[in-house]
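The next block holds one structure in the form of structure tokens; read it before the comments.
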Amino acid sequence: MANKLRLGIPKGSLQDATIALFERAGWRIYANGRSYFPTIDDAEIECMLIRAQEMSRYVEKGVLDAGLTGIDWVVESGLDVESVTSLVYSKQSRQKVRWVLAVPEDSPYQKAEDLAGKVIATELVEVSKRYFAAKNVDVKVEFSWGATEVKPPTLADAIVEVTETGSSLRANRLRIIDTVMESETRLIANRSAYADTWKKHKIDSLALMLNAAISAQGQVGLILNVEKVNLPAVLSVLPALNSPTVSELSDRNWVALNTILEEGVVREVIPRLKAAKATGIVEYPLNKVVL
Amino acid sequence: MANKLRLGIPKGSLQDATIALFERAGWRIYANGRSYFPTIDDAEIECMLIRAQEMSRYVEKGVLDAGLTGIDWVVESGLDVESVTSLVYSKQSRQKVRWVLAVPEDSPYQKAEDLAGKVIATELVEVSKRYFAAKNVDVKVEFSWGATEVKPPTLADAIVEVTETGSSLRANRLRIIDTVMESETRLIANRSAYADTWKKHKIDSLALMLNAAISAQGQVGLILNVEKVNLPAVLSVLPALNSPTVSELSDRNWVALNTILEEGVVREVIPRLKAAKATGIVEYPLNKVVL
Amino acid sequence: MANKLRLGIPKGSLQDATIALFERAGWRIYANGRSYFPTIDDAEIECMLIRAQEMSRYVEKGVLDAGLTGIDWVVESGLDVESVTSLVYSKQSRQKVRWVLAVPEDSPYQKAEDLAGKVIATELVEVSKRYFAAKNVDVKVEFSWGATEVKPPTLADAIVEVTETGSSLRANRLRIIDTVMESETRLIANRSAYADTWKKHKIDSLALMLNAAISAQGQVGLILNVEKVNLPAVLSVLPALNSPTVSELSDRNWVALNTILEEGVVREVIPRLKAAKATGIVEYPLNKVVL
Amino acid sequence: MANKLRLGIPKGSLQDATIALFERAGWRIYANGRSYFPTIDDAEIECMLIRAQEMSRYVEKGVLDAGLTGIDWVVESGLDVESVTSLVYSKQSRQKVRWVLAVPEDSPYQKAEDLAGKVIATELVEVSKRYFAAKNVDVKVEFSWGATEVKPPTLADAIVEVTETGSSLRANRLRIIDTVMESETRLIANRSAYADTWKKHKIDSLALMLNAAISAQGQVGLILNVEKVNLPAVLSVLPALNSPTVSELSDRNWVALNTILEEGVVREVIPRLKAAKATGIVEYPLNKVVL
Amino acid sequence: MANKLRLGIPKGSLQDATIALFERAGWRIYANGRSYFPTIDDAEIECMLIRAQEMSRYVEKGVLDAGLTGIDWVVESGLDVESVTSLVYSKQSRQKVRWVLAVPEDSPYQKAEDLAGKVIATELVEVSKRYFAAKNVDVKVEFSWGATEVKPPTLADAIVEVTETGSSLRANRLRIIDTVMESETRLIANRSAYADTWKKHKIDSLALMLNAAISAQGQVGLILNVEKVNLPAVLSVLPALNSPTVSELSDRNWVALNTILEEGVVREVIPRLKAAKATGIVEYPLNKVVL
Amino acid sequence: MANKLRLGIPKGSLQDATIALFERAGWRIYANGRSYFPTIDDAEIECMLIRAQEMSRYVEKGVLDAGLTGIDWVVESGLDVESVTSLVYSKQSRQKVRWVLAVPEDSPYQKAEDLAGKVIATELVEVSKRYFAAKNVDVKVEFSWGATEVKPPTLADAIVEVTETGSSLRANRLRIIDTVMESETRLIANRSAYADTWKKHKIDSLALMLNAAISAQGQVGLILNVEKVNLPAVLSVLPALNSPTVSELSDRNWVALNTILEEGVVREVIPRLKAAKATGIVEYPLNKVVL
């Protein structure tokens, strides 16, 4: 199909967050009730809602040119696709998620090797099998439809389950004994689609803008004035990561600084800036950031 | 465990409707955030939230004494449990649901036999395999994580999918060519739990009250007065199913009737009752019905 | 069209109340977004949403067989339709509404005749013209698109406006000097449709059931027991309108009464019933009442 | 004021539940934004919103003829008013609430006497003082504006606090060592107003109807048919509290029973009724009950 | 009235969007329930809610000094008012709306002239009459209260109806055969009020600020740094409409650009800016824009 | 406690506004249902919810290091705490609130002295006593639990009540005759905690950031370009309070201005800026302002 990118959007728990991310990046996606084909305000893109677990299959077979899904499900599928960029935008936290091996709190198991001959329940069957195979531990891995945390000890001896903070595992009295894999959302592409010049350009623009919107979410802009004599002190207070833009003012003894800061450090940086004699400090919100 | 019934509640799409049904039947279930163990206002019951797909496994292994789930998932599991009663309470309609074999509208396939050698996508893998095996048709049945309707023709040649009205299949331009199985919600029990006198009594009381609440939902009470001379005409208008209670009035020429009617026929029955000279016709709502 | 009743539902302020009334009467109407043709769960009826002002025109021309609208708009149109029944179900009150002639509080006008040569603003142009013509008062009646209450004295000398309680007129400092017409909702029918046996029967059933639902809304059922010796005292307390059903009990000295009461009088009747030695007094809700 | 009852409605946490109770009892109260004088659809009543703590003062001084408030605040005020009836309608539970003496979980205090010389924080200052005085224990009782549970041990040694289930006390690691007083909502009246015939009649009617609505909330109606030969068995299953109404049917071998049951026992009674061969068992909802 | 501007706000479908626009422009308007006189936080303005259809009449007669309404209703009224500025802020799209001549899809009519002798239903009676008169086509134009799309072919042969996208016409199986007039929202003023210096200044300030808020809604700010050697390449990527502000940095080899962009082009411009070696690209939101 | 600041958050009417203010200042506070100890995303702070009336007591006793409360309750308590900064962020207005002495509209009282021997109802007992004592007026001050406005004349002769606009007093037909005290929210600190270097630094940082967020709420940023020849005219239009940042552009004849404005004056300033030949005027939102 000429000049048309077929793009997979993950259906289910990530769907709303994904549509919100695209809106911040500059694309409006409209979900139409129960249809699998949401509309998008870009004539060069066609969207399709697909479960994250099956995304890599659609992309690998070329039904889709690109799609968003977790790297866990890409690895689980064992299929060969291009990983264009990582996109960390889940609402709850901005950390990566982990698939962990967990056992009942009061069980004797301390490491994977202790589980030889046991039953492991998980939604991530293939990755779990490879994990134990790599350790030469012989276990029975059973597919779980969900609510995996309640299975031990009656229906399973241990589980391989996804977690961000571990709180759900603790609430079910489970103890983590190893990390099986880390995961995060990825923009993936079909290998031959990504070899096509037009499609590669379109996919790369998408990746750029999605990341621009992600960056802006946790950052803010800061403008301030500083007398040149105080500039070194002020600069020493700013995080080294991004060098600020220093511009000339009509009053030649002063300069203006414009910089980007992580939202979480502002409450510590502003008091230090004021102590270093910065004035006219103004924090303003950002839509997109490309450094 | 003595005098304690372990009961499985289906987690997910049926969960809210199930909790509402229990409330109408006389039990309040309180879901506690993300816990799998909701509380219930009956000291003789312990609840657990389990995906419908795994309910029969928990019941068969005796982790639970009884549970509510679809008969489709019981058959899929191939496990041996007691089916205590059917419970038809899904919100949208009160019909049974069907798992159907569907193909693209414009495909040449007219019957299961036309699909020899083809790929069938479904969430109900084992039932589908048995269906084709019984017809001696050799197909490849692949597990689908959902959104099965969009797979033909690129990722599957046909699908086995659940439907109530067929509207979602039509919207995805699929044509039904056979019914693979009918399903409905069931209260199932572990065979040895159901052999225990106390547990059987408790399960049977649950079944009775749940059905009493289900019956009441689609029915209403009707009271009316009728002169004895008009009684045959009035009785002939009432549906034959439930005979009304006829009680004596102080005025010996009249009787009062009290009966239960399907809500859907009231709009036709009341005009006929009035034509048959019934008076003082009053319709009132019901909470529970045990005929 | 054989065995199909085309029914007009008033679009706008009465729409939701009308759909709710039909549900209580036994018919579910589903509005479909912006479509003018809602679906209904009765294969013998086709619905159409029409503004109340234009209903009589659609019914008179036979585009619709029957419809619900205010008698004010029927009279305004001057068209000849059958008025099948009145239906008083507006939410705010159960009184009729009135179109009144109102003038500024501090104006000298006391009666219609004082307005000779003046400008009258109203949405009900034809009825207003006839009202003044019948009194031989020459005025200029101007059509108003709404917000008629704010027009005097700059854009009109007086208005003819609809009101239930008069509070909106008072808030705009207007004084009522006459009632031009009273109005209420009516079920109207096309004359030739109403001459057709099947359609007449269908329309009359609708009228019966809509009124049954309206009656039930403001009434409740009351059951009580009374010793025969106290029966006259108890009966004297009950409103004379509906005679109660008196039924025989196994205890021959007692009877049971079952009756229907206006909801608004219950708080006065129950204390008197108790004083008259009634026992086991129970009030229960009603869905429909046909006396 | 002739033929006008001035009635106090408790402002604050009980306000919505009180207005809902009056609606079920037959009176609609309309709160008007921030006004202290809600309107009511009864020309013989004038309402005023007053904090429960001050209700008995308004009633004792004759500013109000009657009002609803907790007996705790009546006793706290030490004022002389008529207690007309108790009204137990709080949403969470239908138990009485208790003011308890509580100390830190890990403190050595076991009884009131152990607190001699200590500081007691409470909102119920006078009642607490009298409690300790009656035991001849000398303590310092300090008024608390709320959040009393967090004061021990830094700002108080013990507290006197209201509780229904004790869960909030446990959450703040406090231990109950005594009950200071039980409380519940009461309808109270001014003594001279209650001596006036018209006002007494009006207040008693209110008390009757409010209790009728409260009774109905936790009860349901049950109708059933039973062959006379099975009547003793069926009657033995019904709770002894309310004897059912037994009425004669046209079929002389059968009778119909109509009775009122606590909602909470229905799930146990219906299975027993069926076992005792009752048929046509129907449960219906109630608005008001006066036995 | 000295130093007081009487301003009409369109009541009905545009009301909420208008109040939101004023808030973005710097004025808060508070609608007071059913009053026609909302308050505004500017002592120099008095607001009045008026239906768009009647706005030009109030403004022409001098009851209002200025008001917002559609140019369609101004032309329909035939009255002489000053058109101060156009204001395109409707939510759905930012295109102008059109009044079109539409006929049933399967009718033979292809142009206005084919409708000679036919009935045309419309809410815009006078404009429609003039349209046909200008073409010397004799038709009967009838006023429609709404739902005009369902009138053909039974109650009208063609309609003149307002549309943004044509989707409602298509849904009712109508075909557009001509555009009768284009419309958009306007700020209009009374001619003599606009001749008053103080009122003209106030109206012009309103026009300026309303347009400043409208401009900001669809635009964003963009800041970026660029090495002077790359400046021509970067500038060539930016839309020619608004020239960016180029400011000097302390590092003399670099400049900073600050510019305003249409929100819809950002997703194309940022990738090109990055390709042209711009750095530190930041997009920020705007409240108002006056270029 | 080392490196841990114990901070009191006012429970009740100010709670949500306070949590929202902290979020804008850079701290997220999570209220946990009914717990008095909300969590905060700063490991150096521990929060506690305390009623405003008791805050100074907790701070003075050292249970808390610092807290937010009204200066009225600080003065009422008579306790000695450090007042770190005022924080004016109540939603309704940004004015200070006043405790006023009010009497019935039609009473003869004109000044405090006229109330000798009378009863004064108030929630602010100690402050009121001191107010009258300072004037040598002997009155009886009674504690009121709320709804103080309805007490005169039956339960009190006058009241001391808090008000922002006086509208509630007027609605209850009361007349203000004096201001007893002005109040506003304050960040207060325990004297010895504020003497600790680490705690003082932490409290001062909090004060700085809370004020930065408060300032930003009512202000906006304004950027504009101006030819140097027009600079004096443009500068004369800007409020004198904050001098704008003037920066050099590549085009040496022009400068760019960046300034902060009160939101309320923007609608007057922008038209004047345009008249003074400023171009490219852009208003943007702010998160925090420290001048």
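Letters A, B, C, D, E and F name the chains as they come in the text, with residue numbers starting at 1 for each one.
To be clear about the criterion, contacts are C-beta pairs under 8 Å (C-beta built on N, C-alpha and C of every residue); 3 or more make two chains touch, one makes a residue touch a chain.
This one's a predicted model, so the numbers in the text were calculated from it and none came from an experiment.
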| item | value |
| --- | --- |
| Pair with more cross-chain C-beta pairs in contact, given D-F and B-D | B-D |
| From the options D-F, B-C or C-D, the pair that copies A-B, where over half of the contact pairs coincide | D-F |
| Euclidean distance of C-alpha centroids - chain A vs chain C, Å | 59 |
| Separation of chain E from chain F, taking each centre as the mean of its C-alpha atoms, in whole Å | 40 |
| Chain centre separation (chain A, chain D; CA means) in Å | 54 |
| Sequence positions of chain B contacting 2 or more other chains | 247-248, 284-285 |
| Pairwise chain contacts, counting only pairs that touch as defined | A-B, A-E, A-F, B-C, B-D, C-D, C-E, D-F, E-F |
| Residue ranges of chain E touching chain F (in the complex, touch as defined) | 25-27, 42, 204-205, 208-209, 212, 216, 221, 242, 245-248, 255, 258, 260, 284-291 |
| Residues on chain C engaged by chain D in the complex (per definition of touch) | 220, 223, 225, 247-251, 256, 263-264, 266-268, 270-271, 274, 279-285 |
| Parts of chain D lying in touch with chain F, wherever the complex brings them together | 11, 34-36, 48-51, 53-54, 57-58, 61, 63, 144-147, 149-150, 154-155, 168, 171-172 |
